[in-house]
Amino acid sequence: MTRIVYLSGEFVPEEDAKISIFDSAVSLGDTVTDSVRTFGHRPFKLEEHVQRLYKSLKVARIDPGCEPAEILAITEQVLEKNLPLLAPHEDYWLVYNISRGRFVMGPDPTVQRGGATVMIFNQPLDLRGWASYYEHGCHAVTAMSRAVPSQSLDARIKNRSRMAYTLAEMEVKLVDPDAQGVLLDVDGNIAENKGGNIFVVADGIVKTPICSNSLAGISRETILELCQEQDITCQETLLQPYDLYTADEVFFTSTPYCMMPATRFNGLPIGDGQVGSVTRQILAAWSEMVGMDIAGQALQQVTS
Amino acid sequence: MTRIVYLSGEFVPEEDAKISIFDSAVSLGDTVTDSVRTFGHRPFKLEEHVQRLYKSLKVARIDPGCEPAEILAITEQVLEKNLPLLAPHEDYWLVYNISRGRFVMGPDPTVQRGGATVMIFNQPLDLRGWASYYEHGCHAVTAMSRAVPSQSLDARIKNRSRMAYTLAEMEVKLVDPDAQGVLLDVDGNIAENKGGNIFVVADGIVKTPICSNSLAGISRETILELCQEQDITCQETLLQPYDLYTADEVFFTSTPYCMMPATRFNGLPIGDGQVGSVTRQILAAWSEMVGMDIAGQALQQVTS
Amino acid sequence: MTRIVYLSGEFVPEEDAKISIFDSAVSLGDTVTDSVRTFGHRPFKLEEHVQRLYKSLKVARIDPGCEPAEILAITEQVLEKNLPLLAPHEDYWLVYNISRGRFVMGPDPTVQRGGATVMIFNQPLDLRGWASYYEHGCHAVTAMSRAVPSQSLDARIKNRSRMAYTLAEMEVKLVDPDAQGVLLDVDGNIAENKGGNIFVVADGIVKTPICSNSLAGISRETILELCQEQDITCQETLLQPYDLYTADEVFFTSTPYCMMPATRFNGLPIGDGQVGSVTRQILAAWSEMVGMDIAGQALQQVTS
Amino acid sequence: MTRIVYLSGEFVPEEDAKISIFDSAVSLGDTVTDSVRTFGHRPFKLEEHVQRLYKSLKVARIDPGCEPAEILAITEQVLEKNLPLLAPHEDYWLVYNISRGRFVMGPDPTVQRGGATVMIFNQPLDLRGWASYYEHGCHAVTAMSRAVPSQSLDARIKNRSRMAYTLAEMEVKLVDPDAQGVLLDVDGNIAENKGGNIFVVADGIVKTPICSNSLAGISRETILELCQEQDITCQETLLQPYDLYTADEVFFTSTPYCMMPATRFNGLPIGDGQVGSVTRQILAAWSEMVGMDIAGQALQQVTS
Amino acid sequence: MTRIVYLSGEFVPEEDAKISIFDSAVSLGDTVTDSVRTFGHRPFKLEEHVQRLYKSLKVARIDPGCEPAEILAITEQVLEKNLPLLAPHEDYWLVYNISRGRFVMGPDPTVQRGGATVMIFNQPLDLRGWASYYEHGCHAVTAMSRAVPSQSLDARIKNRSRMAYTLAEMEVKLVDPDAQGVLLDVDGNIAENKGGNIFVVADGIVKTPICSNSLAGISRETILELCQEQDITCQETLLQPYDLYTADEVFFTSTPYCMMPATRFNGLPIGDGQVGSVTRQILAAWSEMVGMDIAGQALQQVTS
Amino acid sequence: MTRIVYLSGEFVPEEDAKISIFDSAVSLGDTVTDSVRTFGHRPFKLEEHVQRLYKSLKVARIDPGCEPAEILAITEQVLEKNLPLLAPHEDYWLVYNISRGRFVMGPDPTVQRGGATVMIFNQPLDLRGWASYYEHGCHAVTAMSRAVPSQSLDARIKNRSRMAYTLAEMEVKLVDPDAQGVLLDVDGNIAENKGGNIFVVADGIVKTPICSNSLAGISRETILELCQEQDITCQETLLQPYDLYTADEVFFTSTPYCMMPATRFNGLPIGDGQVGSVTRQILAAWSEMVGMDIAGQALQQVTS
């Protein structure tokens, strides 16, 4: 028994899910992506994610060769095939990777000469790495390098040309192997984490950078909604490291872990060095919305 | 009979050269690359290319799991296997792609948990797309987007996270399907082409941008050497579009085609709109150095 | 019978409206401007335009030699003289150009040695070039060059030193002779069009860049007012090309055409590629406000 | 008796040299320019200036409707007509202004619908304003605003959209009515003066900014030549205000005055506050080259 | 009788308040600061100031060796000792300077090897220099230099490494010895004054820059509160010099003088050149809040 | 027996060398500095250092109240008084700190109301912290923050407003307590260390950044001279972190330690991870020039 991957029209076992080394995914990092997670085995905000995937495809000028409705149908099929392999307390990460397809050397490698390469797969959400952060918070650390500016490649195109993010994350691990990176833009404003957005809480107000230099995260959007629901003031603005140093609370958001509190920033405690009450309140609201204890699931993975 | 690819320890037929969709090459564009071409079936400046590959690996913090000498030995083996399949008048493109290996979801996807994925392959140099440019020159066009700045990801790390280059090249194709892109840096200086360096000739002096915003091309280095040999003054400086508009000659350099003259820039003729004499002189010197007619080989591919 | 121009104290026939080639308007592009259009032969927001003209004069340190009230009076006189020449279904464009006056070579050419040169004229609004855009939308295209930053020359000083705009517009015409330019600022944010502001509609919300890098358009202001009136949320923020690529609707605003919908951006359709419903709603409200069918007038010019 | 101006095919008296207020020179500052001076009634480096004029025309995409040879012939004719009006000790300033011609409102005002407007005129070089600077030096002052960056409008396109220069010059006059402006680029490097280049002398070495943010002055080129001839080391580099504050000597260069020494910078003396020996040496060499005393001519105008 | 200073654990007479020239305050400008003023001899917003002082200490990584409560207690003691020396109509400026302590040469001068140097002192508020500005307004002038960007040193760390501010202020004094400086950030946006924030009033709306490039002033915060109380719309946004040129009113805010109206900007009158009604209204509200006539106190100092 | 300090006209014992907390050195970090070291008890390049000190004073607009010759005379006096206290194998660091003098609150704190505060002192060069670096090299680490740009405060004004440097150095100590900081400028180019310049050696060529974003170090100048003497090619250019990652050798220069080799950069070995031969050659040449073993002196301090 093995998980099944959808690969450009076929359903193949995970271990056979391979692509040619001549694919533009490999040759050019020319792949658009999106990912969804399930809560209680049901995908969360699936339509929003697929809609964002199609925005990324459009701006990246990749023709996936199929409509959103087909992608949604395939998603359901893949999930249906793989759910029997999922433990009751676990959840899946549903990932879309769509590359431009075969790469051909020449003066115009940008022409999409054949079909796109469409990869859709499920992976059990391994939350163990993040589990302790729900309770104790992580160590947020500023990278030495700066985020790619939007006039070079807009961070809202969710893509797989991520070497800049990876190298920046390796820089922050020099400070602390457990550090989670904080990327600044070229003007020194807070941009984003390698795969998530960043929020601060100060004097009861939740703030996050505007999306001109970061991914328009769906988890980020969820925070904005939950804040409104909980009557917590939430602002989209420009932030600098000073705001993180002097915040009462800081947290990251991303699809797999939803919220990751940070309790240290560049070696200094954030607030009282504990996960804060506003962070806990929002996470509780999110847990309630999806009908399961988000942090609890991660902690259970560690202890089981 | 089929060409053979070296893939992480094995020699496999080209059509079987596949990697897992879970490789960091696919998931993160986390691949370092270099490529060499042969002249008369012998690799040109192979050691320089492998040395640059190891610089890229170092700065990208990827452990390839083998030393340069081993890479050179494998290169010879792959080439030996594939040479019988090459027509006498053709040449090979030798490509190295080395990714960090398997990608694992979690708070630290940057750790290299297994061996690198090493891909080494040969492809016949299909020069037909560039052939007419040797005689008539191409149309150089400025991209709307700007090159990724070095403080985000240094262009000298020759890598496969190239979506920014691909999208910029698609922008210039809006002006002319045959256009070849000229990327500016965020300050508006000439940076590079999607895969090559840019030179202007003005009043008999050859100029090219310093490498703070562009690949340190080995073809570029070859031009500097040939100019010295030919007593042509050559300067590394900062250039702007004005320099291309008012140049007598413009050319690009890259491993596969060596030199690609441009005779138009953003719709205007460069100089008298013909491939210039300094360009021809340098290309002739290069042809002499490698003992074959570089442009002739490309033209032969078109006519045969 | 010919239209009359006010030229520094005199009313002269249009064909005699000439200025010395030694005027600073010619020698230095040292001219401040504003323009108004009529709807049904009455000037629209005339006072606002004259007030903005005086702001431009102040920041440009040009003494026009007369007060706003005088300018308003002359405007009425010129219009009165020229209205008999206007067809009932047509309207006028009223233009103010005020230069610093005679230019004198020397170490201080900035001193205003004589009176300003005041030019006030009417031209029939020739809307034929824009007519089809009301129905089918135009093609918005990003320029390769970047808008002049405010620390070099603030775009809110409405002036006639517009070579940067003209050359950027010529760049976008390389993509499509019918393209309308989208200028980015040096950070890659959407700035403005050569003579207008830019709006996007996404998820029912209207957004336009803040005025730190673009003209504080009176048509732009009118959109903000109409949106409020129509209960459409409207935000002034920072936008990037991604926002135009993924918008449901995009439109430009400027005095002569009021609103110019765009249905393509850099070769890709905007939304469904049709002029959108929010755009139509706002244009209808504007038409109602001024008591005439704005698009209809332009279409009539084409068909008549 | 009056001087004659060449105006788009006709020779007209200076007082009749007028252009329509609808010309793009007035409506858009859409004019390319160059200017030459005579020494002893003979134009200096005329061919170089006309060559640069044609570079500006090309990059500005203006078709002048005639070849350089014709321009040179007309120049001689105009000069011949006007020389009888010149006193023996005076010289002429020969100016070219070429606009795109008539401006037509509409979505594409950039199309050149008719012939260019070609203005060629002579003016006696009134050097009185600069005369005292040859002996005592001027006061160089940094502007608050910054030079237009090359990615907005390249300073090497010698053009008449100069409001940014004019306003910056008015800022420096706030410090001292006799101040001569020093424009910085947006990074804070020395760019240029409103109409000239800037040089410093420090420890016997002459330095001037590279031309990526300033006009490629022909007077600047002359300095480079004279330095080589005089065995004075001359470097093109990046300079900042610190270099002017700590220089031994500073001077400006421009066509009308050739060299203008500065002896104060932002209120502080440069070197010993006197015009320096290297400056004097270069000016003497220039005077010798052209066979007349450059400073002497200016001083004579003041005293006579 | 002399005022008493608290100096690292001791109460010493003002004239004996000296620190070693080897202190990091002198060697590195390594001092964090804050200052409070009294109204009617009672400190205003003392807790907010001490809280901000501790934010500065944290971000500057200086351990003061004592808790905020201790600082507050010492503040009261110092004030109690010094109040008998204060005339009834005068008020005190309470200043905190806390340096990292002794500086030791070597590869790590950043280690805090001994206790911090804590300086707390009172000075009679000498408001005479500002007095006339309450009635006639000051002359606001843009500096040639640019504010230190937040990615170099965040302006919200209230610190004593202020040479950049001092030199910029000396630049503006070149225009007018009475000028008050307006610093722009490196993008040309209004940042702050050498020791205060900047507000404009336009069409009845009060605007001030967001704090990404300026001190998060407590006086600034007070203005926001007073505006809310007075039903005056107040916006935090990006401003440029154009906004000051065209404003109806401009004022600065800082702890000693509270509000300083500006009635000229770079030589031009602001609005009608008089202190404006909104400025007067806010200052009146502030005076009422603190139970004394703020401007009156300053004027009294001049006349008495 | 104690060392003597010159303090504004008096010679005082080191422990009495104190200044008022109201001095602008403390209140504004308003101090210009320079420092010299002795070799074999004789100051090295003393005149150059004093000349640079006077450049800094000029640009900082501080009047020291005395001429360079007086400073040189006092330097000799101070040194003469302190030399008897120096062990034969030790050397002195001679430091100049000159502040603007007393700080007075008010609208113009920049006016120098009294004499400057002149501090001149000697300290035994404690080289123990650097000793091991001569043999094993230090760990160079990039700071998260960026160097203050020259348009905010030119690094060539050697000054004591150094909080930006101190905080950046504390960032790099997060990576490694022994790390030595590498500051980038806001464009991502290598600028300088908190107190020294940075050199790379690659393929036998020595390179260092141009001085537009770093101190014009006298030790840096000495390297340029020694390279010329030793026939080693030396270039002043723009460098990025890539150049340090891929260098064969890296070293810092500063007055106290002369040269500090770096053998790691951001956690990766530089070259073979050993102090390189070019570095050793230059250091040997320097030792020879000054007649003593520079590294030996430091090592002797550790072992003795």
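We just call them A, B, C, D, E and F in the order they show up, numbering each chain from 1.
By our rule, contacts are C-beta pairs under 8 Å (C-beta built on N, C-alpha and C of every residue); 3 or more make two chains touch, one makes a residue touch a chain.
No experiment lies behind these values; they were computed from the predicted model shown.
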| item | value |
| --- | --- |
| Both-way neighbours, i.e. chains that touch subunit B and touch subunit A | C, F |
| Chain located farthest away, centre of subunit E as origin (C-alpha) | B |
| Numbering shared by both copies at the subunit E-subunit C contact, with half separating same from different | different |
| Separation of mean Cα positions, subunit F and subunit B [Å, integer] | 43 |
| Whole-Å gap between the CA centroids of subunit C and subunit D | 32 |
| Multi-chain contact sites of subunit C, meaning residues that touch two or more partners | 59, 61, 146, 149, 151-152, 157, 184, 186-188, 241 |
| Interchain contacts (touch definition) - all pairs | A-B, A-C, A-E, A-F, B-C, B-D, B-F, C-D, C-E, D-E, D-F, E-F |
| Contacting residues of subunit A [partner subunit C, same complex] | 55, 58-59, 61, 149-152, 154, 156-157, 187, 210, 212 |
| In the complex with subunit F, residue positions of subunit A that touch it | 141-144, 146, 171, 174-175, 184, 186, 188, 241, 266-267 |
| Subunit A-facing residues of subunit B, complex | 5, 7, 15, 17-22, 25-31, 59-61, 93, 97, 99-100, 105-110, 119, 121, 123, 125-126, 128-130, 133, 138, 145-149, 151-153, 157, 159-167, 169-170, 173, 177-178, 180, 186, 194, 256, 260 |
| In the complex with subunit C, residue positions of subunit E that touch it | 184, 187-189, 237-242, 245-246, 268 |
